[in-house]
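Chain IDs A, B and C follow the sequence of writing; residue 1 opens each chain.
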Amino acid sequence: MITPSGLAETLLWGVANGCIYILLAAGLSIIFGVMKLVNFAHGQLLMIGAYLAFTASVVLGLNAYLSILVAMGGVALIGLGVERFTFRKVLGTDKLNEIFVSLGLIYIFENAAVLLWGNKSAQIASPLHGLLSLGGISISYDRIAAMGIVIVILLSIIFLMKKTKIGLAMRATSQKSDATQLMGINIEKVYIFTFALGAALAGAAGALYGIIFPFSPALGALPTIKAFAIIILGGLGSIPGAVVGGLLYGIAENTAGYVLGGIWPDAIAFVLLIVVLVIKPTGIFGGKGD
Amino acid sequence: MTQLTGLLNSKKFTSLLHSKRFYFIMLGLAFIAVLPMFIGSEYVIGEVLAPMIIFAIYASSWNLLAYSGQGSLGHAAFLGIGGFASALLAIKLGVPPIVGLFVGGLFSAGIGLLIGLACVRLKAWFLAMVTFGFSVIALTLISQFDSVIGGIMGFATPLIVPRGIPFYYFTFAIAATSILVIYLVMKSKLGLAFKAIRENELEAKMTGINTGKYRLIAFVLSTFFAGIAGGLYAESIRYIQVSIFDPYYSFLPLMIAVIGGLGTIEGPLIGSVIIVSIDAYLPRIDPFLQGLMGPLFPAVSNVGPPIRMMMLGVILLLVVIFAPKGITSLINKTYAYLRRDKKEVKP
Amino acid sequence: MLEVKNLSASYGMVQILWDVSFNIKEKEIVSIIGPNGAGKTTLVKTIMGLLPAKNGTIQFKGENIEKLPTHEIVKKGITMIPEGREIFPKMTVEENLQLGAYTIKDKTKIKDTKEKLYQIFPVLKKKQNALAQNLSGGEQQMLVICRSLMSNPQLLILDEPSLGLAPIIVEKVLDTITKINEDGVTILLVEQNIRDSLNVANRGYVLEKGKIILEGESRELLSNDHIKEVYLGL
């Protein structure tokens, strides 16, 4: 039964889910924008982030929301290694090689997670309980917290990009990589920082995901594709684009689940993605593609 | 079709008869043909050799796509569509199974044409994403119409030829034909256009190649052969289920083609032998791995499968980074090295 | 100051430079001239480490730099203005200048240099918050020159600075280059526009098909028969 208040609630929860996707997509988008690299194993970084936060909260007894920091740091470190030892070797060669490296990483991350944490699904225990109700519409406190955290992280990223020296170098690299080197900027350092930053965002998204949803090692593939769909919706390489795309996606996904039922949310988003790509390959808000 | 007969009469085909590589391939084919006579085991023929051949077709279809500079992360969609279409045609409409197999391939190519019309102008990674998304959509649609199709629980596939040795030779004949066609395409003008697009799309465009058209042709051909492979695969495991749309099956041809050697005709064949053998025989070391490393990872009851899968990932990374042309190139290099030694000894 | 010896370089599979040798002394303006496709851009990209040198050596103030990455070469005191200007289009004028000073740690020094440049080019000060892509071609050329001076270089390399500019602006650019040189910056000017560049340069080298075929004082070169015939159409 579809009711107006039910629909409104669906939209609100969609926005909350969208926030997690925004974080994931922003990471993918930054990496793509600066390095022109597509990391198809991005969703696996989210999964690893969820497990790191899970371990921190179970083993160290950390508050679930503090464990986000552990996830960010841990996944950023993994990102450093991944950039240095795998992607750097194929950067600038055939684009298909990036897909192959990603696939190798997917196999490694998923199975490493199975080895370390097993095949069963897990969820991070949150200190927040219950729902906030406002005029017939209710939403869980965890989702409200997630929205707040995402806003804080995004503002920090925007500050980093606009006001710091490394942010300046990242923006320069995203526009002209050769000219950036001529400014005396070590582009390899920019790349490794960018990848670690993107990975940290995926880690944070993973921790938030793990607080709200149950997860397992096989979680990774769909989030990657969703993040990809979002940055295409919003325009490649743009953070505001990732925000708008993420919100649209979260709402579309949740509404599809509400209106059409169980198995449709994943598929409907791809239908949306394909339709957008067919009509405007650079995304709804994207300018001319590079 | 006329293009194909033209190809067979062309100079390229006659020059093919004189190349050393051609005889190696013929030797390999002869070897595969006589193999069942020496292997008595029904299991090996049905569960190892037949899948090897089928996945060689499947990986070759992916390889042809990559030959034109495109990538797909959702080829399982076409494997599955081919499998479901050929099985359903035979069961629901009473089409002879062997006709169903080809119509299944055509059906897959038809869907490929629709996806391709919309998406081939996209860059490699967009197409990879879209195809992945399409495999999710295909899974959803087949599940949605479960009352008609019955794909969630799965159903038995109709018999084309008796199991065992007849099926092996049937698969072999289709594989040989498919791979020959793919080879001829790669060596034809069409293949030259694919290669030009892969090397430098902009330049290809400027020399007057209609890149969109050729990318679409590559995509449709690739989905056709993926569909044929799907029909054969469903036949070989005797039933079909929506799990055929699993990302595992989308990643498989990529793994096989890359490890074997991308862009070469023999790469997917060699890769298929390697990957299917690993799949079939390596589980035997699982008890050993469990004894060795089991205590380190108490979270899993059997550490074998994840460790083996991880190693596959590591091998893929090593191949891409250190031997981007695959195992085939290593074999060729070794061969050239040995030859050079001989030459140096002579004077 | 810069000493290039027997330099060879390839672009992809094709060898572009063959045994190129030349030198620049301190405070000089040296011009390398040659037709389109002679390998001029490959030469400067190789000097800057954007392309690998296949053979030969490049010394800057007695130190070998041919194996250094680009950013290290910039830190040694060489900056380059690439062909086609290469501004950062979606950044403001101010941000473009900040990028030019990326290697400088001293913030007051950065500010002083910037103010000095703004005095010389008041139009840039007026447009300091405008996106670089919205400047005119001439203004963009001034912006990249200023940007390259932000790091207080000892050697400035310019690749085809006159390309695509109106003659009156070319004159202004060449004037600016002379002024920069008078301030103590050594200049390597790579140009297709032979008459103009030899007019400002002390010495010149002629690069054809990847080889240095002629060298000498600017005046000598301008009266050379080959130059007259092939380049000046006299």
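Here is the rule we go by: a residue touches a chain if its C-beta (ideal position, glycine included) is under 8 Å from a C-beta of that chain, and two chains touch if they have at least 3 such contacts.
If you're wondering where the values come from, they're calculated on a predicted model, not measured in any experiment.
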item: Given chain A and chain C, the chains that contact each of them; value: none
item: Most central chain, Cα average position; value: A
item: Far-end chain from chain B, centres as C-alpha averages; value: C
item: Inter-chain centre distance, chain A versus chain C - centres from mean C-alpha coordinates, in Å; value: 42
item: CA centroid of chain B to CA centroid of chain C, Å; value: 52
item: Chain A and chain B, separation of their C-alpha mean positions in angstrom; value: 32
item: For chain C, residues contacting two or more additional chains; value: none
item: Complex interface listing, chain A residues touching chain C; value: 165, 168-169, 171-172, 175-176, 178-188
item: Interfacial residue positions of chain A with respect to chain B in the complex; value: 38, 40, 86, 89-90, 93-101, 103-108, 110-112, 114-119, 221-222, 225, 228-229, 232, 263-264, 266-267, 269-271, 273-274, 277-278, 281
item: Chain A contact footprint on chain C (complex, rising order); value: 48-50, 69-71, 74-75, 79-80, 82, 86, 88-91, 95, 98-100, 102-103, 147, 151
item: Interfacial residue positions of chain B with respect to chain A in the complex; value: 66, 69, 71, 73, 118-119, 121-126, 128-130, 132-134, 136-137, 139-141, 143-144, 198, 247, 251, 254-255, 258, 262, 297, 299-300, 303, 305-307, 309-310, 312-317, 320-321, 324
